[in-house]
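This report refers to the structure that appears directly beneath it.
Should a chain be cited, it is by its letter among A, B, C and D, assigned in written order, with residues numbered from 1 in that chain.
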Amino acid sequence: MTAQQIIFILIALFTLGSAVMVVTTRNLVHAALWLVSTLFGVAAVYALLNANFIAVVQVVIYIGAIAILFIFAVMLTRKDMRDAGPQINKNWWAGVLVSLLVFGGLVYMLREWSGFTKTASELPPGFDSIGLLGEALVSPNAYVLPFEVASVLLLAALVGAVYVAFNPRAGNSDK
Amino acid sequence: MVPHSWYLILAAALFSVGMFGVLARRNAVAILLGVELMLNAVNINLVSFWRYSDVFSMSGQVFSIIVFAVTAAEVSVGLALVISMYRRRNTVIANDVDMLKF
Amino acid sequence: MSFWNDPLKVAADWLEGVFTGWGMNADAAHVLVAFLGVFLLIAILMVIDIFLVWVERKVVARFQDRLGPNRVGPFGLIQPFADIIKLIIKEDTTPGNADKVVYNLAPILSMMSVLILWAVVPLAPVMLGTDLNVGALFLIAAGAIGTLSIIMAGWASNNKFALIGGFRQVAVMVSFEIPMLTVLMIPVIFAESMNMNAIIAAQSTWYFLISPLGALIFLVAAIAELGRAPFDLAEGESELVSGFNIEYSGMKFGMFYAGELLHAFTFGGFWAILFFGGYRFLGLEQVSPFLAILILIIKAMLGYWVIMWVKYTMMRIRIDQMLAFNWKFLTPLAFALLLVTALMNALLASAPAWLYTLGMILANIVTGWIAIEIARSATRSEREHIEGGKKPAEAHH
Amino acid sequence: MTTELLIWLIPLPPALAFFLIVLFTNRSKMLSHTLGVGAAFLSWLGGMVIFARALGVEHLAEHPFESAVNWLATGDSYLKIGVLLDPLSATTLFFVAWTIFMIFLYSVGYHNFGQPEGDHDHAGLPPHGATVHGHTVPSVEPMYSRFFAFLALFAFGMYVLVVSDNVLTMFVGWEIMGLCSYLLIGFWYGKESARNAAIKAFMTTRVGDVFMLLGIAFLYSVTGSLSFKDIFREEVLHALASVPTGILGLSAAGLIGLLLFIGTIGKSAQFPLHVWLPDAMEGPTPVSAMIHAATMVSAGVYAVIRMFPIISLDEKTMTFVAFIGAFTALFAATIAVAQNDIKRVLAYSTISQLGFMIAALGIHAYVAATFHLVTHAFFKALLFLGSGSVIHGMEHGVLHTGNHKVDPQDMFNMGGLRKKMPITFWTFLVGGFALSGFPVLTAGFWSKDEILADAWAHGHTIVFFTLAFAAFLTAFYTMRQITLTFLGEARTEEAKHAQETPWTMTTPLVVLSVFAVGYGWVGMPHWATGGLVPNWFHEFVGSMLHEHAEELAFNIVPLATSLFVALGGLTLGYFAYRNVRSSAEDRLQISVLKNKWYFDELYNFLFIKPAIWFSEVFVSKWMDQGVIDGILHLFGPATGGVGGAIRNYIDLPVINRFFGDGSAEVTWWFGKNLRPIQTGRIQQYLLLTLIVIFVISGLLYFLLMA
């Protein structure tokens, strides 16, 4: 077992453990914080995969924005600090079953795929993944259209979120 | 070196955990947390496929970037809906919001 | 290759030789040496941090026409150590019903978010933690952790002042991240790289000279990220007693405090790196890495001093005005500036250096002037709207 | 700037002014009239520059300024539009530019700019005056801006007509003017008489326009072009003259000429379509001046002059033209002598003078007709503006006394105004003498004399005597008008308090009176000047014709006739009306003349009554309500019966009971039994979905893969 494998296993365990805590912990703020640690683990996985840019963007977007947003949302939708009542619904056993079935099915199917045990080739020296990514995102031959569509999607989401969460009864104090 | 299978299994496991969260949690915010986990699992897959095939073809990373954008949109709208729901119905429990039933 | 040309590598090679000599695995020795290096860097930073306390107190005293610490040691230099001893021996309180794990984790994260930044700071051409190719983005990523620490502190304290302070600070930090990230792209455009060392290497002329407006926006956003005056709403004493760190005492408060000072110093350093040529100064950095470190620290200190200068001369801004300032002025301006800069950069790509510089400065001036004119007219119309709205009321009386 | 470009630009300022006023400056009277007068000034300036350049060209008729662009694609070729400046359009442009500019200037004063808003003025009614410090003063026109907008559009139409190089754009300008005359005659649409007059003017000219459009279409179908340059070529004219049509034995040229001439009859108010013009006096006076002097009626004559090469090809048409012209000249003059309304007299006088021009054309007196067109435009504009000034002054008196029953337009309410309104009097006198053909001095004398000389010289004796008698009547009623209005003593209290009008109104009067005298001198025949000065007008305009008309030799008969009719008419007019105190003493109040030979009544009986009977009784009552409604009423019950049968025997038992209710019950049964699955809980749905997906994908996997 090489050092990289050990590091991977540590990170993977950390990520999965955090993920399990996200879905099981009773305190929602803790769940959100566990999500943060899961996201850190995923960022580390990206780093292991030599995707530095994705790793850093993962931290910026997921932890810097999305996780914070979750914490805000949790705090805005509570009557007191404690979470009362059961946090898991009555069909939880079905959920476990389906999840396990999905996991098993995925592994079963992947096992027969030829590239399953492939190892990565060395990155070529001087490989500039950021430059390539940037070009791919804005090149007309590659992904400029999805990129623009994503921008439009973000704008629409922005407007929609403001509209949905806006409370007309509260009004605008400026006016 | 780490074989590709490890990443795929990690992603599958993360996906299943997230799916459990979506299926079992009562709180709408917690359901969205589960969705996040699933999306992250997908992203791990995308990036690992980039790394384990032709690294000069950036499709995997590009798709993961687009997943970021989609996630951001989904979370903002989803949480806005949750907050709106809390305002109107005074609850964030997904099962209490069942007015569409017969 | 002598110690004086590349001290880090020579020392690391020597240490690894020593450890392998003791019969240690080569990999393990490498990891151990890396950890030692990190430990060393953190230790130096903490010492600087302690020194920064003295600097801050001394400078504010001068601003306020006082002497500042002058009793313990020469010029009061030992005063920070006395402060630390006081903080350590204070009672370490934890409020009842607080979320203990989160509560105790927050100051650590706060400190960590600052220290992690130094992983990508190039102290000298050959001396830096890691040569990350997305160094500039890393700055923002670390800021995200700082945001997290503040909201954790605010929430875990089980105190509404702390929670409101945390909310405010987080709202500010999340908002000001956007203009900051945007203007970060301006040095990246010039240097065509996100690598810190590459950005410094490309700065034959300081980027401050060709993008003064960008440097200014970065400074404003950095001050907001730091939560220092005039943007110190998280700890607006008049409203929130002390803000998100109200329940912290002893060394936990000390860590927040030290984190903030070091953060300010670090941003001074980043400002120097991104807009003032980092460790470069008249070719002196070629002489010796130690001279390069000295240059960087001096520049960072100057940046830190500018931040202090702002802090002690400006009054606090109201939270809604501050967010409006960001969303309605700073963010659009940063976007516009980025577009203009990219456009000018492409247009003047093959122009002679003087024309390039002139064009860039002009573009900056014009952009800034237009932005200020728009803001001014908007303000005027808003004022007229408000005053016009009052008139009927007066007539009613 | 090249002359061609400048010609293109001439119609532009008024059009721009129209749109700017209508779209933007309607609220601001100041801005609106600045735009309007400014536009008129710019066009005037352009017109003068072009006229000056045109004078500098040696053989303008052979080498006119022209420029054309492709406009409409018509199959293989293009319909071209363009501008043309030859001697005819240059002279026309000269008087059009001057009169339009003067009328714009005059309108500022006429509509009381600078006066306060009226106390109870309404849009669509003439202003009633405002009370300031206990005095009644004139009030500003409520729709001031609108007036300038319409006037600018009118000017645009006239300029387009004048500078266009083809029949089509000429017709476009023609129609724009038609619209504007409708809008402006009905400017005070609050008055019923104004509304009716507007409709009458529009409908009557429309009759002529339809014939004209037919003529244009026929012309295009024969020659394949509408450009003057193409259709006036020798071979084309020759072809036109030789193609028979089989209608009334006319050649193509004759028929086209006839149709175009009917358009002119409508536009220039010739018998029998003259009825609209007197009624058009309902509009504000600048409009009357615009319509009767500068633009619209001139446009009709201009069109005939322009199309003269075609019209003159067929002698039958020419005879018709001459007949119409001469008859109209006499006929309108007889009506004019019995009118009491100051503007109405002028209106009939206009019709009469237009008859002179048409008659001149009918006897091939091309130059004389053009000459009279120009001089008439100047002195008739002057007379209309002068009469407007008189009315304005009288209205001042009416406002002073407050007796609104006094008609400020009735000449028998005036008298002695020469002392009150000296500038108006002297300029009106100049205009009136010009109209009468006062010998030697006035422009009217020379132009009218030339027509008479032409008629005599070419042996059109009937025309000669008719026109001579008409000229006599003209002098007579002109003097009657002057005597009644200005001379003697004031017959009413209001006339005593009349007042001179402001400078914006008198300046145009003075300017136009200069032309009314001076313009005659450019066309003096050789015998009058003794050959010292060449007959410039004859040379300039005469060069338009392929066969250059020789200048006539001196003949004593027409000259003596001219002198006699002018001086005799004037003298008789003065002495007959010197002491008349009221309309009852006027021996010429003959009911036939007074009622315009009963033409309105005749048209009412011949056309309007039948049309109303046809629409109201025949179409509406008999056809529509009787026949068509009857058929429809028959359909109703039939359809109802069929529908009822279908409903009772197919719809209710089969469709409703079996298909409708049956399927509903089946659906309802399914719904009832599937209802428990619908819990409304999203997670349960998701769970079920996933289970189903899992089962199906597992099945597919094992069935297809294994």
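Criterion: contacts are C-beta pairs under 8 Å (C-beta built on N, C-alpha and C of every residue); 3 or more make two chains touch, one makes a residue touch a chain.
Just so it is clear, the structure is predicted and the values come from calculations on it, not from any experiment.
J.: Indicate, using Cα centroids, the chain positioned nearest the centre of all protein chains shown.
T.: D
J.: Could you put a whole-Å number on the gap between the CA centroids of subunit A and subunit D?
T.: Inter-chain centre distance comes to 79 Å.
J.: Centre to centre, by mean C-alpha position, how many angstrom separate subunit B and subunit C?
T.: Roughly 32 Å, centre to centre.
J.: Any idea how many Å lie between the Cα centroids of subunit A and subunit B?
T.: Comparing mean C-alpha positions, subunit B is 6 Å from subunit A.
J.: Centroid of subunit A to centroid of subunit C, CA atoms only: how many Å?
T.: Their C-alpha centroids are separated by 27 Å.
J.: Which residues does subunit A have that touch at least 2 chains other than itself?
T.: 53, 57, 65, 72, 89, 91, 94-95, 98, 102, 129
J.: Which residues of subunit B are in contact with two or more other chains?
T.: 19, 22-24, 94-95
J.: Out of subunit D, which residues touch more than one other chain, so two or more?
T.: Within subunit D, the residues that touch at least two other chains are 683, 687, 690.
J.: When you draw the chains as points and link the ones that touch, which shape shows up: line, ring, star, complete, or other?
T.: Chain contacts: none of line, ring, star or complete; other.
J.: Give every residue of subunit B touching subunit D within the complex, in rising order.
T.: Those in contact with subunit D are residues 19, 22-24, 31, 94-95, 97-102.
J.: Show which residues of subunit B lie in contact with subunit A when the two form their complex.
T.: By the definition above, subunit B touches subunit A via 1-10, 12-27, 29-30, 32-34, 36-37, 40, 43-44, 47-48, 50-53, 55-56, 58-59, 61-62, 64-66, 68-77, 79-84, 86-87, 92, 94-95.
J.: Which part of subunit A faces subunit C closely enough to touch in the complex?
T.: 3, 27, 29-30, 33, 36, 52-53, 56-57, 59-60, 63-65, 67-68, 71-72, 75, 81, 128-130
J.: Which residues of subunit C touch subunit A once you look at their complex with the stated criterion?
T.: So the residues of subunit C touching subunit A come out as 27, 31, 97, 99, 102, 132-134, 137-138, 140-141, 143-145, 147-148, 151-152, 155, 158, 163, 167, 170, 174, 177, 181, 194.
J.: Can you check the complex and tell me which residues of subunit D touch subunit A?
T.: Within the complex, subunit D contacts subunit A at residues 683-684, 687, 690-691, 694, 697-698, 701.
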